[in-house]
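Down below is the structure, laid out as structure tokens.
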Amino acid sequence: MRVQVQTAPFDPATELAGFARGRHDIGATVSFTGLVRDDTGQLVALDIEHYPGMTEAAITAMVDEAVARWQLVDCRVIHRFGHLTPGEPIMMVATAARHRAEAFAAAEFLMDYLKSRAPFWKKEITDQGGDWVKAKDSDEDALTRW
Amino acid sequence: MRVQVQTAPFDPATELAGFARGRHDIGATVSFTGLVRDDTGQLVALDIEHYPGMTEAAITAMVDEAVARWQLVDCRVIHRFGHLTPGEPIMMVATAARHRAEAFAAAEFLMDYLKSRAPFWKKEITDQGGDWVKAKDSDEDALTRW
Amino acid sequence: MIEVLYFAWVRERIGLARETVETSAATPAALVAELAAREPRYAAAFADTSALRVALDQTLASFDAPLAGVREVAFFPPMTGG
Amino acid sequence: MIEVLYFAWVRERIGLARETVETSAATPAALVAELAAREPRYAAAFADTSALRVALDQTLASFDAPLAGVREVAFFPPMTGG
């Protein structure tokens, strides 16, 4: 299990090298990568603020819950903060389990919780200035399924 | 979009290098890898038979449906056949979409269909001989959600 | 003349991966009946068609689909991919 | 004495990332009332606490949770991670 909160860019494929390899008790791995999307062609950057200390603790608690609930064999979370440009990976979740349903459920659970319960705040920077991204009701609602 | 059916081993991380990179219209990628799991410590190999021609056509049809249904920006499927040993990757699915819900749904849809509708048959080889893996009712039932 | 393919334990029971069959069967079900009448190994393979699947020209079909114009029929157990 | 942290637009409106506050407020809600009474920029930041979240010693809490023994309080808008 590993949680990383960092400003440095990362490459999802490089981070997955060796994940869940060399074991015989894993039937399924799932990875999710979130990237900076630019819908309008106006986005200059995404500035991500976080709460040092609480961020790591909150994500570690989510990972511990996912590991216990779906008996994960391995789990990784990487989440960046700071200044990101369009196309860059923001964060990644990887889960390894005996069966596919567990690996998928754990990855989706972690994503839903990271969205609404990990202390990050995104600000979209355009030539016109900066706008804090608003939390969506649908993201809050997504938690009710767990 | 790319579908590969092959005997050669592959490394999921290497295959993901460059997937969905250099674009600004992708917010989420999901990858799934299925591996040879050995629950008993008795498994020598997994022999996978397939139906050449139909396999590629069936998977391509599933990919086309997933791309249309969830407006995927990119999608890849790799599936091996032949002789595999415990711990080796059997197959991989990767999806790229605007939002996370679409990337997850498409990957799970593809997995459910690959399980029950792609012409592969697995045989577990132990020191005692070979046993064809039985299709699970739960895998067939999983299709009803789509 | 139709190409008939067998996979997995159907192939093992019949002892053959493929063969060309002279038939005027109108459906896969009728073809199964013809084949099962040939020899015990065919009868054993086709004892329970509810445990089998059939593809016509590489597309999944039902056992009462029309065979007219079909060049390749395949019989196999439920798939276990993924 | 309690450390008070502000994030995102709460930080921007107050113009401060953190400060040490002398208070005997029993709950975050009471602390908010004290701060909002100080200056318009605090009042603006805390105008609608239903749009805000609070963490006590780095754990999410409600605005009527007890502040006794808490060393660090943080106010921020709903998170937008992932």
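Letters are used for the chains, namely A, B, C and D, taken in the order the chains are written, and counting of residues starts over at 1 for each.
In this text, a contact is a pair of C-beta atoms (placed from the backbone, for glycine too) under 8 Å apart; a residue touches a chain by one contact, two chains touch by 3 or more.
If you're wondering where the values come from, they're calculated on a predicted model, not measured in any experiment.
Peer 1: Please report the smallest number of touch steps linking chain A to chain D.
Peer 2: 1
Peer 1: Taking the mean of the CA coordinates per chain, how far is chain B from chain C in Å?
Peer 2: 26
Peer 1: Taking the mean of the C-alpha atoms as each chain's centre, how many Å separate chain C from chain D?
Peer 2: A distance of 72 Å separates the two centres.
Peer 1: Suppose each chain is reduced to the average of its Cα coordinates; what separation in Å results between chain B and chain D?
Peer 2: 48
Peer 1: For chain A versus chain B, what separation do you get between their C-alpha means, in angstrom?
Peer 2: 23
Peer 1: At least two other chains touched by the same residue of chain A: list those residues.
Peer 2: In chain A, 34, 100, 111 touch at least two other chains.
Peer 1: Would you mind listing the residues of chain C that make contact with two or more other chains?
Peer 2: 82
Peer 1: Can you name every pair of chains that touch?
Peer 2: Chain-chain contacts present: A-B, A-D, B-C.
Peer 1: In the complex, go through chain B and note every residue touching chain A.
Peer 2: Checking each residue of chain B against chain A gives 11-14, 16-39, 41, 43, 86-87, 98, 100, 103-104, 107-108, 111.
Peer 1: In their complex, what parts of chain A are in touch with chain D?
Peer 2: These residues of chain A touch chain D: 34, 49, 51, 53-54, 57-58, 79, 90-91, 111, 114-123, 132-135, 140.
Peer 1: For a test of understanding, state which residues of chain C touch chain B in their complex under the given definition.
Peer 2: 5, 7-9, 11, 55, 58-60, 74, 76-82
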